[in-house]
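In the part that follows, the structures are each spelled out as structure tokens.
The following pair of complexes shares a single chain, subunit A, combined with subunit B in the former and subunit C in the latter.
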Partner chain A sequence: MIVCLAVVGHENNPLYIQSFTESDDALKLHHIVHCSLDVIDERVNNPKKSSPTINEAFLGLLYPTENYKVYGYLTNTKVKFILVTTDLDIRDADVRNFFRKFHAAYVDAVSNPFHVPGKRITSRTFGERVSTIVKSFGLSSAS
Partner chain B sequence: MVREVSESCVESLLAEIVLSYCSGFYANKPELAARRIEAIGFQVGHQLSERYTMDRPRFTDNLEAIKFICKDFWSELFKKQIDNLKTNHRGTFVLQDNRFRWLAHMSIDPSVQASGNIQDPSAMAENKSAQATGMHLYFPCGIIRGALSNLGIECAVSADISNLPACSFVIRIKA
Partner chain C sequence: MIGVGKAKQYANVLDRPIGKGKQEVSLSAFAFLFSELVQYNQIQVDNIAELERRLEDAGYAVGARVLELLCHREKGNRREIRLLGILSFIHSTVWKVLFGKVADSLEKGTEHEDEYMISEKELLVNRFISIPKDMGAFNCGAFVAGIVRGVLDNAGFPAVVTAHFVPVDGQHRPRTTILIKFAEEVLQREARLG
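What follows is the complex of A and B.
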């Protein structure tokens, strides 16, 4: 299950952060997201030379914690997507697929002429679309 | 899903934007009108670059981003690539389009062209028509600047129309 999703702008400014849990652990999840920003910086500035997919948007598993796994994605426009999940046995392909769908939703949201670049995404349509994608993610990995 | 836009609609819209800014809102301040039109282009380029770079790996350097503008970005906008790219390898790039679509259907006042004698009024009128054409180029300049700025490259873009319908865009990257 995905417990938290965040979109962080190129100056590390939060654009969208949403948790999907009933319990009151938003602060803890935000903390995890915050920590992952450093990991992303490190990955991007010191890429592994051997890796063939050196500039791929999908950054893979950033770091595992006891209860969570954190995945990252960096777009061409230096916007970071961060995903926190409780599924510990999860396939990279599923996450990749999720990020692709999420990226499409994000692009549609920022293409809205009423969206101000660099400001938080407040579109309700975007929120609904994201929660649909999040729900479908749980289903596809279960089947 | 590929969404398309009628070409003549875009051209009419562009002409109308330029007209309403230059002779409507900012009739007496052409430099202010130019800035407003450029800002509209900037936002368009900013949003388009977000969409068109979606399925691409990240760019490693400026040249790669400029090449993206020349090839993929231009193809999406105008169904053709930039015809010629020159650079001095020190942050200046010249993108030449031999038949720029948004100027292809534009004509210069025939009365001005027909008059062969170089008199003051006609020379002034010619200058005016060049100025009017220049106004139409702030929008594409803004698009390029917006797209590059979203990719993390701060630059200044200007256009040169010394031999129509060819048009070159000069990109100067800020060091």
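What follows is the complex of A and C.
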């Protein structure tokens, strides 16, 4: 179950944060997203010599907290996508697939001439596409 | 040759694949649009430098979006961190997507360490434009310079990019050169990466 999705710009400014739970712990999720930014910076600036390539976009599991797992994805323009989920047995391939679709939706939102880079993404279409992707992710991983 | 090697014939027209569609826009449509862009900006400003700056800003927005689009579409998941990497990316991939061909040449400047040049015999945007004498050294290639600056800036290589006419002997029209001057931090980072 995905609980939160965030897009963070290259100055670590939030561009889009959306939580998908009914309960009211949006603030806690924001906090988790914020902490995972540090992990991303660490990974990017000090690449482990054992990692296959330092230019990989998908960063994988950033850190597991008590009941959440946080995945990260870094695009070429230093824009970070962060996914917070409560599923315990998620496949890597599923998450990669999810990020690929999410990246496509993000590129479409940014290509909007009325979108100011650096400001929050306010496109309604983007929001709808994201919720569709999230729903299909929930169904595919549950099967 | 026409007609040789026909594609597979489908019995039913509904079975034919839809196809990706034409990836091109007509040159005349773009030329008209670009001419309107230049005219619109020309009315609003008083001097050449401001006009050049406006065209460059327009190009910057295009460059930012082109980078996002291309990185998602073409480059798999490699992020460029080397100078030559990003320059060859611009020189081939970006040029191919925007103008249908790779740029004519990519050179390193001889006087300064941080200068690189991309030259083109004739920029697509300048094809139907001739600059009046009283505008001096103005070049509508400032739009393309803006695109390059947008790509470099968003990829993490801040630079100052300008477009210049370079007269070539034996040729009637001068060649256009996009001059890229990287910021100090880019060179230091490059030196650190070895």
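Annotations for the structure displayed:
Note that the second predicted complex is superposed on the first by the 142 of 143 C-alpha atoms of A that agree within 3 Å, B and C clash if a C-alpha of one lies under 4 Å from a C-alpha of the other, contacts with A are read in each partner's own complex, and residues count from 1 in each chain.
Heads up, the rule we're going with is that a contact is a pair of C-beta atoms (placed from the backbone, for glycine too) under 8 Å apart; a residue touches a chain by one contact, two chains touch by 3 or more.
Values in this document were obtained by computation on a predicted structure and should not be read as measured data.
With the C-alpha superposition on subunit A as described, subunit C and subunit B clash in the combined arrangement. Of the two partner chains, neither subunit B nor subunit C is touched by A:92. By the document's definition of touching, both partners, subunit B and subunit C, reach A:110.
In the superposition on chain A, A:42 makes contact with neither subunit B nor subunit C. Look at A:78: by the touch rule set out above, it reaches both subunit B and subunit C.
The residues of subunit A shared by its contacts with subunit B and with subunit C are 10, 53-57, 74-78, 103-104, 107, 110-111, 113, 117.
The residues of subunit A lying in touch with subunit C in their complex are 10, 53-58, 74-78, 103-104, 106-107, 110-111, 113, 117. Within the complex formed with subunit B, the subunit A residues making contact are 10, 53-57, 74-78, 103-104, 107, 110-111, 113, 117. Against subunit A, in their complex, subunit B makes its touches with residues 43, 46-47, 49-51, 53-54, 56-60, 150-152.
Residues 61, 64-65, 67-69, 71-73, 75, 77-81, 154-156 of subunit C touch subunit A in their complex.
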